[in-house]
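Each chain carries a letter (A, B, C and D) given by its place in the written order, and its residues are counted from 1.
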Amino acid sequence: MTQTPPPSPATHRTDRHHPDGRPRARGLGVPFDGDCGALNGITDVPGVEVGARTLIEGEGTVGSVVGEGPVRTGVTAIFPRGLAAPLGRVWAGVSAFNGDGEMTGAHWIREGGNFAGPVLLTNTHGVGMTHHAAVKWLTRQPDYHAEADLWLLPVVAETCDAELNDMNGLHVGEADVVAALETAEGGPVAEGNVGGGTGMVCYEFKGGTGTASRRFDLGGKAYHLGALAQANFGRRPWLTVRGVPVGQLMPDDAIGSREQGSIIVVVATDAPLLPVQLQRVARRAGLGMARTGTTGGTGSGDIFLAFSTAGRVEETKLDPLPSLAYIPNDRIDPIFEATVEAVEEAILNALIAAETMTGWNGRRVMALDHARLQEILRAHGRLNET
Amino acid sequence: MTQTPPPSPATHRTDRHHPDGRPRARGLGVPFDGDCGALNGITDVPGVEVGARTLIEGEGTVGSVVGEGPVRTGVTAIFPRGLAAPLGRVWAGVSAFNGDGEMTGAHWIREGGNFAGPVLLTNTHGVGMTHHAAVKWLTRQPDYHAEADLWLLPVVAETCDAELNDMNGLHVGEADVVAALETAEGGPVAEGNVGGGTGMVCYEFKGGTGTASRRFDLGGKAYHLGALAQANFGRRPWLTVRGVPVGQLMPDDAIGSREQGSIIVVVATDAPLLPVQLQRVARRAGLGMARTGTTGGTGSGDIFLAFSTAGRVEETKLDPLPSLAYIPNDRIDPIFEATVEAVEEAILNALIAAETMTGWNGRRVMALDHARLQEILRAHGRLNET
Amino acid sequence: MTQTPPPSPATHRTDRHHPDGRPRARGLGVPFDGDCGALNGITDVPGVEVGARTLIEGEGTVGSVVGEGPVRTGVTAIFPRGLAAPLGRVWAGVSAFNGDGEMTGAHWIREGGNFAGPVLLTNTHGVGMTHHAAVKWLTRQPDYHAEADLWLLPVVAETCDAELNDMNGLHVGEADVVAALETAEGGPVAEGNVGGGTGMVCYEFKGGTGTASRRFDLGGKAYHLGALAQANFGRRPWLTVRGVPVGQLMPDDAIGSREQGSIIVVVATDAPLLPVQLQRVARRAGLGMARTGTTGGTGSGDIFLAFSTAGRVEETKLDPLPSLAYIPNDRIDPIFEATVEAVEEAILNALIAAETMTGWNGRRVMALDHARLQEILRAHGRLNET
Amino acid sequence: MTQTPPPSPATHRTDRHHPDGRPRARGLGVPFDGDCGALNGITDVPGVEVGARTLIEGEGTVGSVVGEGPVRTGVTAIFPRGLAAPLGRVWAGVSAFNGDGEMTGAHWIREGGNFAGPVLLTNTHGVGMTHHAAVKWLTRQPDYHAEADLWLLPVVAETCDAELNDMNGLHVGEADVVAALETAEGGPVAEGNVGGGTGMVCYEFKGGTGTASRRFDLGGKAYHLGALAQANFGRRPWLTVRGVPVGQLMPDDAIGSREQGSIIVVVATDAPLLPVQLQRVARRAGLGMARTGTTGGTGSGDIFLAFSTAGRVEETKLDPLPSLAYIPNDRIDPIFEATVEAVEEAILNALIAAETMTGWNGRRVMALDHARLQEILRAHGRLNET
């Protein structure tokens, strides 16, 4: 596989390339609508910080034994209000397009329209340990007050990496979760084989973590909306890149399994929204997913979370009659557009950043070939030639 | 059946008696928790107005023929912001405990958290004509502007009165709906065989329309919450009045049919709440219903609507960044208590106000005997002897 | 606008052309995945019959007055088990992607997983009269038994045609609904400016009624799945045809309004499914809609219904322990694929069949130019040159 | 507190007394409707087995330190098909009356209508470790096949025991979960301060684990429905026992806190039901809860699960067209009645079995006084004097 050579440092722009020069979707010339933020990532939303712990250990050879690896997994942590406010609470909405997966904490997000603390993404069988470690870490934070906060309902979501990872070896430990939490920061978000996305497979190419953002004006104010996807879904023939049936034109090395993935999407914005509106935003993540071609396989846990960093939920403990500002429904469409676009681009960024990986029982999942992708897009009049 | 004689006018209190002196539940000594508003009705919520058109025509004799009556039906109209603001929009939530019924407009209430115009209650087969008439009347109002308002999604709910009414005769006409709308006013709400509740049957006694309210303080401010029920559900042995198994002790004249009723509850409050909170309020109407003994029969359309008159939804067309005040969840429990209590009392008020009726095919449904009810409550230490 | 000349009768195939020779999407060379049924319509599902009443009256000139037309509306009726079984009951599921619209009967579909009678589609303000007429017509049918059937909860859905139609003139009458019902039949379904789709606008082109189907094998048996869409949604720049950004390349004559449409989709299949699975099918209609480019505007009532003609709901009145056959979830993906594909194609068929219309206040909405569409698809390597 | 002396062994009946002679609600003379099964517990449903691990360690004295105890917690495990079939899959439905709590696995129960493996109940902060341990234990079972089963979505639910337990000490370990799992068996279920219910508080009395069942005939066949509740909710003045306002008459020793509990209810039946029907059963658990007096406090995670042991979900992997038998909706009301009654009785059994406990920081929560309860019921004509 030929990868595009990195551009000269002078042309580095984080919306188009990774800090190390590897291209993102825009860097390859994949065309998108809308304006992205400076980082083209979920961290364009002020306050949002992302951390990751990536676990890659052991050879991927035939004859794998449960518990002995290979380890191809990890944990991603997203703090809506930053690591320095570990219990920061935000207004939120959740939507399950296809609920064959897990996102803990969803009952209260539906009921109360908010959640506290970080969002954690890991593999399916790592949910328990991640939840346990999050509770332990959070209850040891200085801003946790047992009498006031009482109990925690952490948000932990997952996708299955058993194709490449010794998932039943349960290799995510408490320290790994803490490492993901404590490395959270702003700035460019690492994509591809990183954190919870380490062992993912997407449209039978190597998948992983991806992010993107949009910037838009509403009522004279500028806002950002960012999406982070842990992309682990789809069958090869479905893959569509900006409308082009890329998957049908790149049938090679498809792993040939039935759909058995999932996708978790986290959408963040600083636009103020009511919880009922954030449910609407979350639901629209499904339209972004749809643009990459999936028909929604039965085994895919497609669960979407949206939160707004505007509005202090905490104030409700102090103020007997707080107020929540919100973008009126009549003006909300740019937020919906931003959601659909950012989710689509985040998924493509995951596919483009992910690198070929060999794992469980010697299985090998190929990265999407950048040059071939560009060729196909060019042939369909859909490549931005910069 | 012996009914309690009306009290002397000096003792008239609308929370306990109807303007004509007939007793309501409190007037009979049924004990309740909480403080009610002055009217003990949904109209205690400032701005809420109720109108009704009652249709009682024809003898109820054996050999009824579809289309020829007897007519035992009607329409109830509830304006959240009063008749003078026919298109008044309010924040709202909806909950279906058992969806074997109809409440139009519910899709948008779930999605957008608000609705415009009156809430209309009628019989099951009258939903279409009531919807049609409401659209016609609303689009002819001076505050309707086709370019701005575009389309209407009226809220029309129903329960089935086929036990007593020639429901398939479709006797609710356009003029009847307009009459319900245009008679809306504040003040005491007529209960029993009135409006949409005219032909209802509840726990195999005569049912109908009932209302009640609660008054409570939150953050130093006084608020009201009122409920209006169109009560048409339940089997006799289930009937429980303030915990006393009245239905098992009054088995006479049960009509012996399977559960085939429904209950619509409309909850109004002037406490400011987010749409996601109004969904929670609507859901709690089911706890009030449960207190009267039902186990939730399969054929009962138990659909609940809650709205708040606080917060101007309309302002969203003018203000690019409006704010919505709300009672924080940490302080919301008094609203939930008020809901459960007011719904329970509204149902009992419907049962106590309704009068024996003969209708379709000569069927006769008996009113709940007041004296016998008092006797049973007294025997269980549950009668307020004033 | 240049339209493709009709092919010679010898090449007529109903999956590609209308009986009168006008092309459908496949007839123009729009490429699709999957195999369609012989009719490429919802009527490929055995038993399904469709009727329509189209109301086009009056000149569309500036100065329209409510009540005086122009009339550009209608009613579409879909009988799951055919007109000869007017009260035929089927297992069903419903999903609202964006609930700014109406579909009556949805509460019971969610609760009980089935519905009786035809599905009716009309304009937003015609819902009431259509519901009323349906109840009247159904209760006069020989297979209606008041004692057994008790009450009806008709399924009536809508999209708004106020752009072209004198919607507030309420021109849909009882006789029009009966006409739609009584003309129901199998065979090719009329598309475009027909029935409830008469006055629709889609991606700022003339929209309307469209249909498509897929044929697939499961467990050695052949099944059909068909979709019928009443397409009235989307802004021009969003329009995507098989991945090609057609809307951005055909900006002319866009009506320039904000999103204020809606889409109703009805999916039928003879594959046996549990109600909980039919909810999943209904939800996937949103992925088909997404493929045509929409980002889900706030004002669009996007409500989807799916039903299966397999399994007799009626038998539950006779058999104390009936059984329901179903396709296991492990094998359900072809049904999801068929849904996404058929819905996408049905929307495109609506756009391609609809013809330029002038209506309310002289507004003119242009049909999608077939030749230009072919040109654009060709330029993107996405035209089937037969 | 005076407890009723145990009856002589001759009169032991497990529906009324525990094996050690302590009374259950019926044993005290609390009157109930309906017939219960022989055990009056969830284990009356053939195949259902229950295990528990109870952790009570350390003195409860003022000055508790996180991590040092006192420990007042545990784990309850419910196997729908018995411990010998650890991955047994059943059809199921879930309903959250108030989602301020956790039940993992709910996304798939909503989507697919079934789940695999045991249901585990523990404290709020023990969810993670319990989930982790369940995954580990299940993937080591002989009937787990990684290639076929792929991933697990265990059902782990919780209520908060921080009032009495050092919940932030995270004392539930992997071995405790395994102990709960591996002690599962049929027969009488231990109630009160047991398993996940060990540290619970209900209506400001000591709460815990409770169970009850109903037996009913449908279509000539006998079925059972059983409920198990982990009861940790409610404020004292709300407590109602069979309609009698017991809480208002027993105000002593109320702990005076705001509502901050939760209730998890698991309903099992051998009656065959569709998933959409099991959602309806789950929702009705709320009516049983309501009968004990709660108005549904905001902080209470009231989440209900219902499953049927009829119908083999597993067969869907073998049979391309399986069938699912079901009780028709027209005949389902006895199942709804059984649910409401069994849930109410299970909660009362929890209250009656629980014993006074001193825990965190020396807090003491009193058991409900049996003699006083009987006295109050007698005074209201609601005691069965055997």
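Going forward, a residue touches a chain if its C-beta (ideal position, glycine included) is under 8 Å from a C-beta of that chain, and two chains touch if they have at least 3 such contacts.
Being a predicted model, the structure only gives us computed values, none of them experimental.
K.L.:
Return the chains common to the contact lists of chain A and chain D.
P.N.:
Chains touching both chain A and chain D: B, C.
K.L.:
Farthest from chain C in C-alpha centre terms, which chain would that be?
P.N.:
Ranked by distance of C-alpha centres from chain C, the top chain is D.
K.L.:
Comparing the two chain pairs, does B-C have more C-beta contacts than A-C, or is it the other way round?
P.N.:
Of A-C and B-C, more C-beta pairs in contact link B-C.
K.L.:
Using Cα averages as centroids, what's the distance between chain A and chain B in whole Å?
P.N.:
Comparing mean C-alpha positions, chain B is 47 Å from chain A.
K.L.:
Return the distance between the CA-based centres of chain B and chain C, expressed in whole Å.
P.N.:
36
K.L.:
List, in ascending order, every residue of chain B touching at least 2 other chains.
P.N.:
Answer for chain B, listing residues that touch two or more other chains: 98, 111-112, 280, 298, 329-330.
K.L.:
Residue numbers of chain C touching chain D in their complex, please.
P.N.:
111-113, 218-221, 272, 274-276, 280, 316-317, 319-331
K.L.:
Show me the residue ranges of chain B that touch chain D in the complex, using the header's touch definition.
P.N.:
Within the complex, chain B contacts chain D at residues 97-98, 240, 242-245, 258-259, 280, 283-284, 286-287, 290-291, 294-298, 329-330, 332-333, 336-337, 339-341, 379-382.
K.L.:
Spell out the residues on chain A that touch chain D in their complex, using ranges where they run on.
P.N.:
66, 96, 98-108, 110-112, 124-125, 127-136, 139, 146, 150-154, 156, 160, 162, 167-168, 170, 260, 298-299, 301, 303
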